[in-house]
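Listed below are the structures to be examined.
Both complexes below contain chain A, partnered by chain B and then by chain C.
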Partner chain A sequence: MPLLTQQIQAEDSYSLVASLDNVRNLSTILKAIHFQDHATCFATKNGIKVTVEKAKCVQANAFIQAGIFQEFVVREESLTFRINLTVLLDCLSIFGSSPTPGTLTALRMCYQGYGYPLMLFLEEGGVVTVCKINTQEPEETLDFDFCSTNVINKIILQSEGLREAFSELDMTSEVLQITMSPDKPYFRLSTFGNAGSAHLDYPKDSDLMEAFHCNQTQVNRYKISLLKPSTKALVLSCKVSIRTDNRGFLSLQYMIRNEDGQISFVEYYCCPDEEVPESES
Partner chain B sequence: MKCLVTGGNVKVLGKAVHSLSRIGDELYLEPLEDGLSLRTVNSSRSAYACFLFAPLFFQQYQVATSNQDPVRCKILMKSFLSVFRSLVMLEKTVEKCCITLHGRSSRLVVQLHCKYGVRKIHNLSFQDCESLQAVFDPASCHHVLRAPAKVLGEAVQPFPLALAEVTLGITRGRRVILRSYQEDEAADSTIRAMVTEMSIGEEDFQQLQAQEGVAITFCLKELRGLLSFAESANLSLSIHFDEPGRPAIFTVEDSLLDGHFVLATLLEPDPQSQGLGSPQPHMPGPPLQASSTPPLDDFANDDMDSYMIAMETTVGIEGSRTLPSLSPGLRAPCSPGSNSEDDDNKDDPSTVPGTPPPKKFRSLFFGSILAPDHSPQGPSPVLAEDSEGEG
Partner chain C sequence: MKFRAKIVDTACLNHFTRISNMIAKLAKTCTLRISPEKLNFILLDKVANGGVSMWCELEQENFFSEFQMEGISAENNEIYVELVSENLSRALKTTQNARALKIKLTNKHFPCLTVSVELFSVSSSSRIVTHDIPIKVIPRKLWKDLQEPTVPDSDVSIYLPVLKTMKSVVEKMKNISNHLVIEANLNGELNLKIETELVCVTTHFKDLGSPQLVSDSASQGRNVEQMAEVCIDIKKLLQFLAGQQVNPTKALCNIVNNRIVHFDLLLEDVSLQYFIPALS
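Here is the complex of A and B:
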């Protein structure tokens, strides 16, 4: 492959080089946070974090640790750039997005540094596609200041139990109300739509419940339109950790297992919609 | 009202709701002594559907729990359907479904008890309503077909989903034919490029009590709902029908439930086009004959409406008597010719651009309430809305 060797010769000049035997291990994770066109990428020697935000109220982070890649080199302390995620995903799936048995698309990703495009070399069955995606000025991302010491309630559920609940959410409801409590109803999802209200209760001793650490009853509402995109991550994940802190901020962490059995995480933060009196159910 | 459904019956209930949702936007739920009735009617009142679940269908069935409870209620189909949306989920995860009608909180509460102790509670708002009733009597219909839903379901499957109406008829050799029905307007367009026809032999029917040559045209979409219900429940579907224009009644029945779908059928060719003698090869009658059936006198006699209409509008009674069963060539003597037919086709769209062609469906309730001898008095194309005023 003369094309590739030519690129490799100049490799020293790249600040970031990452290669992957199966591009789907990257694209799948990125799809889980693809609810806005643009994303900010941070790379350190530990891996890449890709952040997407919306309405200054919700933030999604995908963590792709260095171990997912077969080769991962970052020659600077850290690298930050903004990129069109839609275009990036289109390029990553340029050989088709659904897997064909027996064929894998390999990826080599290079970035020279600030002001340079992100270079993608995709290879499948001896065919190489080179993509150059212009990078953009990185924007400051939100700091939700979500600190595990402030976490009041935490639940770990098997994603299977939430998947259907999220896909069937009554979208005529403006909010999704999450109740977490050491007492009944323990964990409740409620919507208040045109047709009436709906509640979904999970008992704490359910087999779906991997962990239940609720210290205090909390009832918080979140804009359903902001939470709905997290369904993409939920669908891919095997477990989800649901946490709320003392301000009612919500953290959803999804554990996603890729085709090679490796684990990555996608995290959503969302701020609460409004204060609700605790008496309301 | 309180009723408890368990096990596989939850899915049966869900399926029934799905099939009702193909018809109307509102669901009338009425607990009766002989079971829970779910009914709906479409907006143009040309289709009505009802399911009655016998008390034995339920684990627990209580008509009235307190005096305050409303006797019946009307809810949005969409909201009730959302409870039962995923049939796979109903089958896999739902163990119990409890429906209660609370007068005090004005809520219809549907609780689904799922696997892993998960509980879904839907509080649906409802409206008080009158009992929804349609007047129909399968026993008064002359023709009855009965076949396993699977046979009919497979016969209906090849028809395009976009197809509105289908013609059902009996041809020579007592074969039952289903054929896609096309509007007059489509006569010279490309839509006519494909006609789907399915023919089912008499041996596939458990009952076939109809003369050769009879045919009715009705909405396929609404039937599909009932068919898929009946197929999943492995039931037979009976079709009771009469002359074109009179409602056709589709029924399923077993010991725990019965379902009735009443669909309006298309009225025979309107007087205008008959008078002009323009060929209507796509009308319910003729296409079947074109394919296999010779003109039949009894077919013409069945069709009293068009017979009467034709008497009023044509010169020669001789011609009109055989009209419904005539092939275009035979009709030539009393027709001004094929040119005028072309003119007609051009005129229609130009005078009322963009408007749908007048459907010849009659509102089935009021149509069926009317005494038979009223029918000839309504020879013009009857829109359902018009006849609603009548009733």
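Here is the complex of A and C:
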């Protein structure tokens, strides 16, 4: 097969080579952050981080550790490139988005370096698809400077506890208000929509609550349109960690278990909605 | 001009329903040709609309227990009517639990194809659902435009891969590009390719086999590795693939280099030919 020999000959010239027996272990994680067309990819020997941003206010990161791949080689310190995520996902799911029992799509992904396209070789049942996706100039990504030392409040919930709440958010409300407090109401989600206000309280001793570390009462508002995309990660995840720091920045960390039982993380950062002073409104 | 036919066998009825569903997916309006031996569903699109052609043929005796027809004259013993294909498939929706199906040509203020479905019922009284599908009777002088398309001598003939795999590939490719190159050679290889400024995607199918004899092609002086290719509208190809609900007994793809791709399918005892011309 000329295709395969071509690939093997060129193997040394690639800065990144990664193979995966089940492409869905990658595509599922990427779908969790697919709310914009473009993504920036960073690869190091530890794995790949894919970042998507919107409006300079929200950032989503998917971490795919090297261990998820059956083979993972990075020949440089680090690699950065920007790619069209929509196209990448279409390519990864070329043999169908829903899994057919008993068939797996294998993937081999190669990247030669700056200015070169990302090559994908996908195989299912003897049928091979080769994709050559052009990469773009990487753009600087936001640094939210979210330090665990500055974290004021932290809650770990089983995702099912948040899933329903997020899928039924009152989208006529401009903001989602999150209250975290060592005292009642402990953890509260509020919306203020056309049909009135809604408050959803989670008791501290609920079965869904895996950890509760709240030191100080914080009430912060986040644009609902910025948080809504994180629902994609929420539905895939088993646990979610909700943290806020001293500036009111929000971090949502989703733990996602793939079909082989391995764990990956997807993280959303969101900045709080600016308070508009009374005099200006 | 008369036509009256009946199906009583459940298997035949289901098969006929599946065929009409497929036709509805492939063509918005189609021509139904009724002749003493055969039924044909025909689509011969104008070049301006993409120039896709479809020719579906079934032997009436394989389906109908009763079949009576009288064409427009003794020497032209045929009937051509035009109908919206979805109307027929919708009328046949109720056949799932039916005892019998009757189709006849009627005139109820306007010409109709009347489809009556007799349903099973627990009580002795029978229940019949009747649909009157408006049709346009095609006059004799236009028949010449509705004849079976001639199959041009193809450069490469190859058996198609599993249509389901092909469909999911083409579905994803459609998200990226508007046109697609289909290429194949006599060595059993078939490729689907798209190319945009963002991405190039090629899916390689191999070991597909060809009905052409190697000696035949050798006499034509064709190298077995040499590809014949056609660039076509991806939507037309997807429409054809989406219409296939059952795995065909035989599925053949004939390519005339840079001119046309011809799909020739055998679905049990129904033959379907679908032609997609090259984009100019």
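Just a few scattered comments:
Going forward, the second predicted complex is superposed on the first by the 271 of 281 C-alpha atoms of A that agree within 3 Å, B and C clash if a C-alpha of one lies under 4 Å from a C-alpha of the other, contacts with A are read in each partner's own complex, and residues count from 1 in each chain.
Methods note: a contact is a pair of C-beta atoms (placed from the backbone, for glycine too) under 8 Å apart; a residue touches a chain by one contact, two chains touch by 3 or more.
Please read these numbers as outputs of a predicted model, since none were measured by experiment.
Shared-chain residue A:Asp170: touches chain B; no touch with chain C.
By the touch criterion stated above, A:Asp207 is placed in contact with chain B alone, chain C being left untouched.
In the superposed model, A:Val128 makes contact with chain C only, not with chain B.
Chain A uses no single residue to touch chain B in one structure and chain C in the other.
On chain C, the positions that touch chain A within their shared complex are 161, 165, 168-169, 172-173, 175-176, 197-207.
Per the touch definition, chain A reaches chain B in the complex via residues 161, 164, 168, 170, 193-203, 205-208. Taken in their complex, chain A has these residues touching chain C: 3, 84, 86-87, 90-91, 93-97, 124-134. Interface residues of chain B, counted against chain A in their complex, comprise 75-76, 78-79, 82, 85-86, 89, 93, 107-108, 116-125.
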